[in-house]
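Labels for the chains are A, B, C and D, by order of writing; each one numbers its residues from 1.
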């Protein structure tokens, strides 16, 4: 049984574990004030090509989203999310638990557009309704699509013109930035969004997300929020050491490229056999549509999520690759598939 | 410079890192449903000698406290804490951020008594005030003291007679249970408290606390709360592997014993030189009172917290030992001290 | 200019003001423990034909909804509402501000059905999502429709079979119960819902809603929640005196019948002139569709809300009648309309 | 039985009821946008001698406190209150329910001083603790004392120098400003505090508090918060009409003067008979200390709160007068007292 279920089935990239071993007995400050965290933050700023931003290391995506969004919003303000957005339906109401409504915009491709956001604004004209304030996007999205630079620029322009904050969930940012279709660079993001995070958990770390706060007015006292939400690790070094490894050279991007290449191999083979896909996905998650009978066969040797019923006889499944996906397993999966298609 | 600042200055016990290495590429389920977590939980239940309880693995103390307490209380209910309690003053209002007041009971030794809790109940007779519902204690306490079995039994009896929940913060439970003065066993706790956690972060893990829910009515749907508060790690294996190492034999207790022994060496040496202590502390934190001039000298080679001003010329410092504290450093510190005393 | 904008444009029914005058200098207990409130609550219970329920008097609809729903739910639980529901879009995120998500079910007629609720349950299978727990309905709904007994019975059966709480917002319950199409009685409600409120503000009171808690498990400590949410009036007598007047005889129903009769006159006249309506509305709110040019004419002498654009040239408007609506004004409006239609 | 229990035992001043009668059938806008509310707000601004501030009419003290404080603070910020402060112990954790800790400063006279606030700041140096941000004071205080102009000036200066907001709970502001010892004017307040409210409920209204927001940065979107907390009355006219009556001439001050005069009569008579008081109280609440035997006698004909046990044989009681207190009842009480003293 080999799993294409997600990108967090294995531990960490061996280089990260090695760094944890080597530094293990060095005494360090607690709560993210250790040298590794400070250096990792410097390294991330270098990669961003900017110094005037705050970087904080947190443990997971839901935690980063709820800590950031609750810190950024006043009580009457709401977030706007695509209908597929992780905060909308897959975080157990974490944002609402901090007091804020999440407004949904129906989206076929997982992305938000200025038109979609504008409609929300028009539907919320006065104090009898929440005030939409923060636009939440994911890149890559929950269904594998990515934002092109032009799309993000337009959304960014719209947000600025309408006093909206733009926040990017980067749980799979590595995969997005390393996509063949991508034309965004990491260093573009501070110009386009007000805050975003660089996902480590799904790209080779044991855990860890690096939140980057670009807008000055959102920076103040942020460590208070991290502590209050239970997100400030006593041994913050655990996050620092990992991000230092990911960013001291280009490991972060190399791992994402591997994941994408593996997904690309699958996608190419499936396309050749005329398999259709639920969405256009140039990243490490793909959603092929198979006959249910085939799915039942595949499930004997492979683990994956059945994503969505398409018709009475067909369903889309989700195949996810990662830094740890073995090429021989991908080849094996393709071969097995070809026996049935 | 050697640090006695806290018990989280180093990484993890080598055996834990080794286990992380060895299991690294095994594919596992996410979100705490991996085999390591399931086994770790079984092992903990065995150590508790009870099967009818729920165990959940979370990342840190503040997070465990806020997730548990907010899940256990209704909106109008409050927690009661000693004035030294961690949730009262050192978690950035994490409990209040979930909507609940924390009521303080003045305490000299860090512990709560039935009399102290009773006074709070008497001061909150009706619906114009919060309803005290959960008694929060720490063992060992924030100032190094521990609960004797008889004390805990009395508090437990009082709580049950008054429909109060009793919750124990066990960030340093290992040190408490391994104290020379201790007469409690881990397996006593389910009989005495409604929920408690076994601290891993301060006893050899990179991170991790094992929450044990003893009372049936508190168990339902608890994983929803973990997810909502951002505490459900995608790679839950990270917690499972560590707790499995800590509890598969007796590593958890061995590490705590080492920490206590190191603190004991310090305490003994200081007592011999007639140093006074701020509190009676039979665990891994001690609070000797020194002349400020001596403190200044010690700070040249050792890191520690200056805890409290005692008079114009004296202050108490906090010295903390851990599983990683080196005996030769303790000896060195004592020698340096003797040069000055 | 005469207003059909809403049912809260005037003060209170004169009999209520008279009672306020007559009792004004009698000294009473504060915080809802005055004799008037106690008597009003008794009278409401008599009308309900049941003694085993708790009744609380609060000031307004949003306040009643947020106080009740936040008291009834645990942190991970969510409410389900029709897409037209007041708590979903017209209370500034009041429910979310207490920590709970509100899940929307698309609804054409303002009502929820077992099928709609079932779909929500099926979409929320595990702890990565909120747990749907409370079904929120309004009667009459925000768009004037009402629940027939059979519909409510089916919804109630479904909720009980699925451990869901059923809560009815009765801001316009008087109008619903006095509708010509209604077959529900006030005394049926305790058998069908777990809690509901009887709206006073929109039926002749200066302010005031009477929350009825039917399910025993929801009753405990409810006054704490009222106080905590700022809803416990020092001079609770203000609410008690009003509800006593409304329910000591049948004033509550007489006022609602008048409102409905006025809306019926409008509806009948419009139907005769072949005007179409946005919704089927047998209560005190009707939504006729007019040419925009006609709306512009009407706005010269009448105030009302333009509810929704129907096509390029037509819009639906909302006409609301109340206990205070004057029949001659209704007649005048019809005459003016006929000049144009 | 005559009650000196509180200042909300009766209804409203007759002039207010008369105004409610006279305006009853005038159609008005809802939600505080009626002409009466707008005029009342203008009148209050005139009395304040300032135009650049926002005034909002809310229903009660707890509601005003929680709506304002939760709107003013970010999630990690806390309020500071005297140990006697209403928000600290008598509002069922209403502030905590919105997510904010309330820090207590021990106070003998019910007032806060710069020294007391400074100690709180010093005890909260970093992100492991809440950030004290808002200083909550009451005038008159919960135990009858009042702030002299110089005291308030010093507190105000300290707050501004330390980036703290200063908020005054004016549930009994009328009584404070009309005290013989008072040297503050209503028009001084905008220079000294950032926000405050003018209490109507305890000074002749059926209900109603007028919140004045002085600091520009606190004004934005405040109506959203009122709506979200359930504090925006559909018939806002009810508040507008009352405040218009209270402030169109000087009714507000006349009523408070009467209340103070009645308390003064009691105080004078008691002082002549050498009765001691728990606190120095120049407002409408006094706290004489009586033998418990005398208290038992008085309770046969008078209602009041037994405030605090003073020694085995004596207790302090609270006597409260109001706009409605009858002079003959005060005289009667004094006569009865003299029979016993």
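Things to note:
Everything below uses one rule, namely that a contact is a pair of C-beta atoms (placed from the backbone, for glycine too) under 8 Å apart; a residue touches a chain by one contact, two chains touch by 3 or more.
Computed from a predicted structure; not experimentally measured.
Interface residue usage between chain B and chain C, two copies of one sequence, is largely shared: over half of the residue numbers at the contact are used by both copies.
Ranking all chains by how far their C-alpha centres lie from the centre of chain C, first place goes to B.
Between the CA-based centres of chain A and chain C the separation comes to 43 Å, rounded to the whole angstrom. Between the Cα centres of chain B and chain C there is a gap of 50 Å. Look at where the CA atoms of chain C average out and do the same for chain D: the two points lie 34 Å apart.
Those residues of chain A in touch with two or more other chains are numbered 75-76, 91-93, 97-99, 127-128, 130, 224, 227-228, 232. Taken together, the touching pairs cover every possible pairing of the chains.
Put simply, chain D touches chain B in their complex at residues 75-76, 78, 89-93, 96-102, 127-130. Chain B meets chain C in the complex at residues 31, 70-71, 74-76, 98-99, 127-128, 130-131, 221, 223-228, 232. Note for the complex: chain B touches chain A at residues 2-3, 5-6, 8-12, 14, 17, 20-21, 23-30, 59-67, 91-94, 97, 201-202, 206-207, 224, 227-235, 237-238, 303, 324.
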